[in-house]
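Below: a set of structures, written as C-alpha cells.
Both of the next two complexes hold subunit A, though its partner changes from subunit B to subunit C.
On to the complex of A and B.
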C-alpha cells in the first residue's frame, strides 16, 4: 500500500509539474511578434542603440521596440530554431556569422527600395555579407600601447614582431578563444607580413619568434588588465575600445593603426526572413547619417554612412575604413577551422 | 612525536595555502567592487560605493535580477514537486528499471550544460514553446531536478523503513505517515536540494543563454553581454552581491538545519 502511495505521489508530482511548466505562467510567456524586437550588446552599446536608433524609430512610426541583450551566436541559434517565427526581428552580427546566416537562407536581401539610406552605405559593406545585410559600424584592430612604458611604439606589424621577438616588449595578443582572432590577428598579421588568406605561415612564424615575450587575452577586459598591471606593455586591440578606456580615465593608453593597415572588424545588421516588416523602418534608422553620427560619438567607433561627419574630438580617433585592411570574410570562414587547428597544435593558447 | 608535529605543520601550511589560492581571486573581485576608479584594476586607487549604485541605475540588471529570482524559485518548486515523490519511490525500489530511471533523471549532471541549452532550444521551438519564460522554467527544472533528487534520496535511504512501517501498523494513513513521519525526517535533504537547486538556477548561464530575449534575459546573460562591451567595475559589484546572497543562504541554511546534516549522504 505504501508503494502505491509513493507511485501516486510520483505520478501526480510529474503531472502537476508538467501542467505548471506548460501552462501555468501565461502572463510571463514572451509575447512574440507584437512589438519590434531588436538586439544590442550590453552596457553602453544598449544605451546607444536605444538613444540613436530605437528612439527615432519609435518617434517616426509610433510603434514600440524592445531591446534584447545578448550576442550573435545566441540570436542566430534562436532564428535557426524558429525560422517561421523568429523571436528577434533585427540582428547585430559578426561578419562570419552573418555570412553563415545569409548562406543558410535565413536572412532577407537588403535593397535601396526597402532601405533608402542603404544608398549612402558603400557597396563593399553590403557585398561583404552577400547582400543579406550590411555593415553599419566597425572597429580597427591595431597596436594599443602603454604610453608610460612604450616611448616609441612600433609603427607597423613588421616592426611590432621584430621588437617583441627581440625582447624589447611583452605583448598581449588575443587568444584563439576570442571569436574574431582569426580575422584581427591571424589574417591581419599574415597579410601584413607577406602572406594572406591562402598562406598564414608568416603569422605562425612570427608567433614562433615572439613566443617567449607573449601573453594572451581571452576577452577584451583581460587585455586591459594586462596593460594596467604591467604584465604586458602593448598588444593587438581595437581603436574604439582603447578610446573608451582613455575616456574612462586610462589616459596612459595610446593606439596606432599599423602602416600595413589594421584589420577592419565589422558589425553587420540583418533581418531574418519572416521577421516583423517594421524591421525595415528600424534598419533605415540604423543606416541614417544623423543617427550614426550620434552612435559614433557615444561608441568611439567608426560608422559606414558616407555622409557622416565626425566631431573634432572623434575625427583623429576614427580610422577611416579605407585605411584599414578589409578582410575577405567569406574566404576566412572557409579556412577558419584549419587555422584554429593549426593554432591549437603550434601555439596551444 | 616530532614527526607527527612536522606532518601537522605541513598539512596546516598546505591547507592555508589552498584556501588563499581559492579565496584570493574572490577577495580581489570584492575589493574591486569598492573602487573609485572607472575601470577594473587592482590595487584600487580609492574607495567608493558608486558601482553598487550603478547596478540599480542600469535597468537591464534589475529586470534580469527579477527574472532570475522568479525563475530560480519556480524551477526549485517544480524540482521539489517532481523530485521528492520520485526520490521516495526510487530510493526503495528494487526493480532494475528504477535504477535506469534514477540514472536518467540524474543525467543532466553529467551532460554539458551548453548541449542541454542548445538541444532544448530546438526541441522546445519545434513543439511551439520557443523562446519564452516557460521554456526557461522547463530547462532549468531539468537542470535543477538532480540536486533535489540526489539529496532527498540520500537522506531517505538513511532512514530505516521500520519507522514508516510502525506508523502504518499503528493505524496512520499513507498521507499521515508521509506528513508526520517521512517529511520531518527528510526535511534536511529537501532544504539542501532546494538550496543547491536555487543557486544552480540563479547562476546558470549556458542554458539561459539560448532563451534570452527582452523579457526573459537572466542576470548571468546580461552580465556576460555587459562585460564584453563595458569596462567599468559594476560587474564586480554585482558579483559581490551574488556572493553575499550565496553566503547568506548558506548561513541561513546552517542556522535552520545545519550544513552538516544537509550534506550527510549514506
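On to the complex of A and C.
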C-alpha cells in the first residue's frame, strides 16, 4: 500500500516543477506530434474559424489544431519574442502589423507552389503585405445608424461631418485606443475630405467641427452599446458587424457604404518563418473557396477567393472590395505614430 | 556538552533549511515572475531603437514635454481625487457598519462585497444603462417627469469616470477602515467623554486619530488601484488621459514597447513615492 505523506507530496511537486522548468512537458507533447496552433479573435470569430478552417484541415490531414484567442499585437509580440520557435503557427493580422512582421523577416513568402488556393486570391491582396501573407477576409468601415432615430442617414463622409457638426446627430467614432482607427477613420476621412496619407488635416479639422457632438468607442461592443442605449445615433463602424447585430435581433440598425467609399479593413493571414510546416495545409484551407463561402455566411464579411459565390441573403450585404477605398497600408504604417501623437494632443483619449 | 550544542545547532540548521525550502517556491516565483520582468521592463526603457545602446530620451520626453507632464499629473490628480472621495464616503459607512449596524452588519458587509462578485466590465456597463442619453435617468427626467427638455450629458464626462472608479474602489476603503475601527478600545472614547469632551471632539481627537491606520491602508489600496485603472476609464470615457491608457496605446496601436516601458516605470515610481508618503503620514498620525 502506498502511503501519501506530506514529504512525498513535496518531493513529487518539486520533481514535477523541475521537469516542467527544464522543458520536459513540451518534449512530451512533441513526442506525440505537436498540434498546429492557429489564431482567432474571440466570439463568433472563434467558432467560425473552428467550423470553416480547423475542421476541414483536421479531416484532411488527420492532424490536430488548437486555436489561440487574442489579437494581432499580442501574437506578433509572441513571435518577436521567440522567432526560432514561434508559439503560434498561423497569424491573423491587420495589414499594418502584417507589414511590420514581413519587413522584420519574421514571415514566410506565400507562393502558389505552397498554397494552390492562392491562385484564386487577387494579387493585390498578396502584394498589400509584400507577398509574406495574403488577405482572406475584409470588412468595410462605413456609416452605421439607428433607423429609428435617423430617418435619412448621411450618404457620404462629407455629409456625415456637416450634419454631426450642425448638431443633428450625436456620432460615435472609434477612439485612438482601437488599433485600426488610423486606417478606418483618420486615413479614410482625410482621403474622403480631400486629404490623404500625406495630409490628414481635413480629418482633424472635421473632428474639431464635430467635437461637441461626438462620443468615442474603444471596442466594437462599445459602439453597439452607444447606439442601443441612445448615447449616439450613428457612427463609423463595420458592415459585417452591423449585419451580425441585425441578425441577432437589432433590426433597427442600418449600414451605408459612403459615396467616397469606406475604408477596406483587411484581415491577413501569415505564417512565421519557423512555424510548423503543417501551417501550409491549414492556410490552404483558409483560402479555399468553399470554406470561405461558409466563413462569409457566418461572419457577414467579404472574403477574397474569386470563386466564392455569396448567397442571396449575403449578396446585398457584402460591399465588393472594388467599391471600397483601398488604404495604402505601407505608407500609413510609416506615419501612423505621428497621427496617434497628434490625436492624443488635439483630441485626447 | 559540546555534543548537545552541536545537536542544537544542527537542529536549528535543519529547521532553517526547512524554512528556506518552504519559503523558497514563493521567493522563486516572485523573483521569476515579478522582479525579473520588472527589471527587464526597466532595461527596455533605456534601450536605443536598435536595442544596442543606452538612452534616456524617453524619460527626457516624459519629464520635459508639457503634454506628457500633463498626463502624469492627471494620473496622480485623478487617483488622489478618487481616494479622497472614497475616504469621505467610506468612513461613515465603516463607522455605521462597526458601531450602528448591530445584527445587520452581516447584511451591510454582504452589500459591500456583492458588487465585487460581479465583473468590473458588467458593473461599468451598468452605468451606461443608467446614465446614457436615452438611459433610465434621462428617460425619467425628460419623458416621465418632464423636468428637462433635453437629456443630460452624463456619460463621457469626468464626473461619470470618477463615479465609476469610486463605485469600484469604495469597498476597499470601507473594509480597511472598519477593521481598524473594530479594534479601537471604546473605553478611550468613554474616558474622553467623562473628561468633558463632546461627541464631535471625541471623534475628532480620539476616534479619528486611532483609525488613521485604517484610512491610510484604504488610501494606499485605493490610490494604487486607481493609479493603474484602465477598464473603467476605457469604457466610461470622461476624457481623462492617464498613463495606463497611454501604456495600452503604446502596445496596441503604436507598438512602441520601449516608451510603454518608460511610462510604466514612471507609473511605478509615482506609486512607490505616494506609498512612501502615505505610510509616513499614517505613522506620524498614529504616533501623535
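Please note the rule applied: the second predicted complex is superposed on the first by the 316 of 349 C-alpha atoms of A that agree within 3 Å, B and C clash if a C-alpha of one lies under 4 Å from a C-alpha of the other, contacts with A are read in each partner's own complex, and residues count from 1 in each chain.
Just so we're on the same page, a residue touches a chain if its C-beta (ideal position, glycine included) is under 8 Å from a C-beta of that chain, and two chains touch if they have at least 3 such contacts.
Given the structure is predicted, the values throughout are model-derived calculations rather than measurements.
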Return first, second, both or neither, reflecting whether A:104 touches subunit B, subunit C, both chains, or no partner chain.
neither
Which holds for A:112: it touches subunit B only (first), subunit C only (second), both, or neither?
neither
Partner touching more residues of subunit A, subunit B vs subunit C, is chain B
Where does A:225 make contact in the superposed view: on subunit B (first), on subunit C (second), on both, or on neither?
both
Give one of first, second, both or neither to describe whether A:34 is in contact with subunit B, with subunit C, with both, or with none.
neither
If you stack the two complexes on chain A, which partner ends up touching A:82: first (subunit B), second (subunit C), both, or neither?
first
Go through the superposed model and pick first if A:44 touches only subunit B, second if only subunit C, both, or neither.
first
Intersected contact list for subunit A, partners subunit B and subunit C 10, 17, 71, 77, 219, 225, 229
Which residues, counting only subunit C, touch subunit A once they are in their complex?
21, 25, 67, 125, 128-129, 132-135, 155-156, 233-235, 237, 239-241, 245-246, 248-249, 251-257
Residue set of subunit B touching subunit A in the complex reads 37-42, 60, 70, 74, 78, 81-86, 88-89, 92, 118, 121-122, 125-126, 129-134, 137-138, 141, 164, 168, 174-175, 177-178, 209-210, 212-217, 221-232
Interfacial residue positions of subunit A with respect to subunit C in the complex:
10, 17, 71, 73, 76-77, 97, 100, 170, 176-179, 181-182, 215-216, 218-219, 222, 225-226, 229-231, 336-337, 340, 344-345, 348-349
Mind listing the subunit A positions that touch subunit B in their complex?
1-7, 9-14, 16-17, 20-22, 25, 28-32, 37, 41-46, 66-71, 74, 77-78, 80-82, 85, 87-88, 219-221, 224-225, 228-229, 241, 244-245, 248-250
